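Chains: A, B, C, D, E and F, in written order; residue numbering restarts at 1 for each.
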């Protein structure tokens, strides 16, 4: 049996869950990966209101949709980031408060713990999310960045995430970092270092998403091979590199959707990600969870895209072989014997 | 006649100028591009001591070396950057002072004006350098970066550099920005926007350096074509992209020289820059200034490299054609007629 | 709403319009781009017979087909070409007459004016077509071709086409040149020069067709970017380059369909044109007209191909996005607020 | 009319023919290529039992399936191979006997003659198969292999296969070698030499299979061009090359399906074979026989694959053009004339 | 011993031979391939003046230069071409006369015969040259070109060149066509057809020049493999393809040297020709004649280029192996035995 | 200081050592890697004659040549191979004897032990060589090869080589297998398995040779990265892949030097090996031994090649950097402070 195909609701937070669920069922999705923003899954209500989780589940069940994971990307971003004006726009007001950076960091960390607890209450065991990073602004090593400055960034990760992962341990929930620019891990080697900084705790793994890797030159298949037992969740998202000698891979301070950018996200199957090889690598790694479409394409109507994406994934995915091939040649196995 | 080949002294600031000049003559260089750090060209002394410029020139002349440009990269970086601990290590103590960010910015801007004045005193009309950037940390647009935030960065450029360029105008000196990550212009489109923000003042152009462009996917030849009349100086520096499916183009927080990095600098001719096409594009653009070797290769002995670099450039460069080709076919032009 | 998909009838002129319209409706087309040869759209009858246009429209309407453009490629070819025996086979006898070259040129120019007038009568505002070229035989600059000889070709274009474009102006019709070998414009730079020779008159633009560009090495997306406001009509036609070391890009005087040729036309989706990027570039350029399939594939049954082509285009085309992406992240826009 | 699509039954010999035929009809196949192992087509019974062929045909007809060829790969392998333990597992016990190598070779050659006779009895005129090779172990020329040693291998081919081809001649049946590693012909040049060794006898040609060619670097289209009149049967089988700098093309003694292998077989359309060009080359060569799917993919469920393969081939194949393209331009051919 | 390296003098006809010979010796050439224009080798004088050949040879010998071939490209061009104004500039006035096309063709054919006779007198047995082509203007098959039109072009070749080749036969001289656009043969397949039209007369072969092939997509090595016994002379000339999405392979009516062109000629070693493989293919074909540098590079000083070209060829060329490699492994051949 | 450049004498065994040494000194080599065949280094004499090693060393010293390693490739091949007629030509008669396979294997193993002892006597601590392989003929897994058959091959390696490695341990000598087709290790994964089968004994490592890897698709740099502490010796040998759609990577039973082969060996710098990256990888791995040219090029004169090879390596190799780059930016390190 093929894997369930879900829709990550993060890019649809302007729609109420009830409406989105109806749409997604119509498109052909098997489930939703609920974002913890908009009214899709509200952590405070989940903890405060005894029937909240049941009500949200009811909306899904009415549409015959499953849920395997919730996502706390935005609040996670505020755990390690150096806080500035950009964060105000993406955080609930009770986290932002007066915007004092250290206090925002602290409140965000508490909220992420609560997100884990809320996941348990909803009955899912994966929280996807971001971590932010205090050292992302040091990306290009000029003015010269010392090794100690980089070490500090990973030490801060350990200091702030170990308490969160303790809550994960208590709740039987895993945290799956989406490896992504601006996070503590943004490519294969920084992902290695991240696991090491957290001493390979079992509560911490990855929400694999190839779209953030290919434009950096990282082969998504190599990523899966490097961490086969840490793929806790999968985002199906496409991207394309369009370097033409004038555009640059760093994006030129241009918005997504600007045709001069060096790369951008794409509706599934219209970009450069080789999903065929990814499915096979996931088969080899033994991943049996959902394939969750994260749809983003600055040049296409969203509904059109969501429909073609689920069709694409369903056609692509397949069951691994159960039979060894040579069996058919071996005369012992043949009916004529 | 081919162009003069100079050595940029920035990576040799641990050596006294007298020793370096002797070495470079031995390697076969025609001149030096003097860095304004170490004892190569000290701006404060140039302005304070009447004979300083003559003494520095004497060191060069003794070794039969010319000078066409001086370089104020490090102090330029501090004009727009958000100042932090990294800047202390690269600034003279009289610029750093107590490290108060706004005051460091202000003192750096004054020093850059003085650098322009010192250039005039030395008798050169190009100051190469960096600008820094207040918006570089916003490189990847997450958390979402508003257009206004980017606009602010370019407005700040105009505010702080116009007074510096006024001094350039007074002195008959041009400022040549090396387009480079962490600067206000780091690729072709951000370079376009930079010129626009400064209203295309003639005092501002570029120190063309292909090594910072190729790993971003920007074709150095396209850069020359885009700004043929703004190429005020040229750095000959090589780099290589070594993406192997595991390494990433953003560098993974790994040091230069680490074999796992996705790209690094290289001794000339051992990397991926197509210098052949660059020479031809410079010919088309009419650039007649020096070709200045900026040598950096974390894997090779420095003296070995400086020698092979000058040989490489001298073999590569050539004079443009003076004769129209068809002339030889035209019987009117032939001696037998 | 996606763009209408039409069929260019030029390669089906052996079938009567009534039969072809029935077929095309069956295949799934939304309309036809009528060729001015065969009985598809006869210019002389359109001007002479008051009800001709209505009758042709009736054939289309009966099959629920629209019409946005007519095409005068063949007669246009005779406006600038040096006339020889090949033109007799493609021109109506009243244009060819006794074949005197100068008179054929003159009659062809008049016929093109009439084609414009007939378009107005039919109620469409685009005439696609060719121009021919007096300088195409000078393609390869040997024996040496002087600049004056090339100038002459473009001067002749202005001389002969300005009167035709005057008629366009009177009729509210635009002429769309299909950039193509043997025409005055056959690639990007010759297209630039063509617009310049006609002083960028608004009545003159292009019928964009990628199949004639890719084998020359011209990127169709760059063509659209170069002339975004001159894309007056679009042909969807595919081609493939099959250079194997023995075949040549110039075609070796071999017929299309010969497997030794270096390139050939292909049924849509089976060649090398990247239609995905073309659709996005057309979206950026704001083109909202029809996508007109020009089907040609020497190796495939014509009906089979026409059917797969319309399916291909309909699956490919999509509506541009109406929503800015970051909206969903912004808590102000979310229903839970 | 497109070509019939058949399934090669070799990899399904663990299923009885009746069950397999039912399945294949359900998938959408037009016929079967019967393997001479399992109970699909038993040579001894075909010759001994008067009604055997009729019974097998009845199974097919009940499912509306055709048959164009039978396949004797396994017994063919034993004609030229140096016999060892591996052959015991793939040969019927009456061929293996006591395993004396020379006698196994002799019995295999007789069995192949009988296979030809049985084909005639079944009413098909193609026997696909292998030849084995006495010189395959000398593949890499170290320790140095003399030319005489290679000559001996081809002489042995002539010696052992000419009598088999004599039987082909008597029966009106052709033998189609599947060019494949471990056979006397495994690429284009060894195929040339094979034809030469057999003096281009008409009874001997090829069962074209691209999957064994691409990983060797041989272009399947070049193979068809080299031997257009020797393509007696076609296998549609896909393969992929996955060299990543660590894997090797020789397979590292790793099993198929091991993700570290440098290449492997793939379900049709999910590998690297360019079937589009193959269909066109077969059209040019005039091949009108069946397209026989040989399905093998160590990473996919077999039933899922067999279904998608037949869909893939049916969508891909098309009828060659019957109309010359220029006809539509020629006014003589047009209805309006 | 390596092959002699000569300079083709065609692009230096503005210099008197005496001066050019002195220069070329200084650059390091072993000989000259004399152009039959300028005062390098004048056919009329060679036939009229008894001591002309001796005098020209004396100029060469004084500079220690050899001569293996003379070149009649320009007059050859006028044998088959449709004559127009361009030919006047490249022909001697006694060939041009009053410019009547048919008479120019006739006089050019006679002059080519005389060139052959003059070659014999000079003591060389190769005349390189062009043929022109009456069908080159029909290059792109639109308006539709009939097969008969192409046939006519090759028939004309036979009609006009057979008498010239008869003179070759009488004189013991061979004519070597430089396969080149605007000639009857311009790529591999048209070269095949040319040989066929001349019934493979031994007097007719090719002056192999890779620079005209690579931009067409023809692999020069495949050309040598196709006609190993017809390589009568070799031009060493480099070219580069610079398609960037804007430039086109047909050249856009732009002059050589314009940076927007899609391809251009290059000084040897600075373009895209793989001379390494060409040398090896010439070794395999058994070609032992001179390697004649045809130097053309619109972007480089001519003297600089001529010098680097001869150095390049001398470093590149090498003697084929005389020893079978395995000999050293065979203990019979070893001194210790 | 750069590494010494030596010549592997294996391909020159037809010359007496005295002559070869003189030649190599003339070419510019620093030393020789002595083959244990011909009269270069005779194991039996080395053990029997007390002054033999001194005499061989004297020949080298007279020519100012060093020696770092001896090579026992041929006898090593016979340790694991299934012995056949090919081995007779490469083995000394006292090893071949009557050619009984098992006894040849046994004598070869003893000779390899003696080679180790002779190396000690000569005063070198590296013996390069081959192992042969009993399972190489099973390379392509058809007829199906069981895992047990592969296991047997590696078990036999352990059984036969552990006693040889014991002698290595006693003598302080290491055995360096040249990873190569027909050996037990021929690519990266089989090399991994080889080390594992020998339980990672320190006496066993590799003679790194990139020419055997690239045509298999294995990246030589990845090989060095995989086994940085097992690179005991280095062969500098080039190869080229020339797949053209007709040639195959398996070589088509064609001899080296045949232009139709899919790959072949090449003189250094004329093939496809990226030696630049190899030198850097060796620097990273800390390899400080000799770079030993193994010269083989079926298309070039041997003396010509040996000379250009040593020049190539000397120009390529360089000393790693001793200075951290940022030092020059740090004002603490600068003389002006």
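Details
Criterion: a contact is a pair of C-beta atoms (placed from the backbone, for glycine too) under 8 Å apart; a residue touches a chain by one contact, two chains touch by 3 or more.
None of these values were measured; they are calculated from a predicted model.
Between subunit B and subunit F, the least number of touching-chain steps is 1.
Among the other chains, D has the CA centre that is most remote from the centre of subunit B.
Listed options C-E, A-B or A-C contain a single repeat of the B-F interface, assigned here to A-C, on the basis that more than half of the contact pairs agree by residue number. Note on subunit E versus subunit F: their Cα superposition corresponds to a rotation of 120 degrees, in steps of 5.
Taken over every residue number at the interface, the positions common to subunit C and subunit E amount to over half, indicating a same-residue contact.
In this assembly, the C-alpha centroid of subunit B lies 46 Å from the C-alpha centroid of subunit E. In this assembly, the C-alpha centroid of subunit C lies 63 Å from the C-alpha centroid of subunit F. The multi-chain contact residues of subunit F, meaning those touching 2 or more other chains, are 74, 89-90, 144, 219, 222, 244-245, 256, 329-330. Contacts from subunit B toward subunit A in the complex involve residues 74, 77, 81, 85-87, 89-90, 135-147, 149-150, 153, 180-182, 186-190, 193, 213, 215-219, 221-222, 226, 241, 243, 245-256, 260, 262. By the touch criterion stated above, subunit D contacts subunit A in their complex at residues 10-16, 37-40, 42, 74, 89-93, 242, 244, 256-257, 259, 267, 270, 296-302, 304-305.
Remark: subunit E residues 219, 222, 225, 276-277, 280-281, 283-284, 318-323, 325, 327-336 touch subunit F in the complex.
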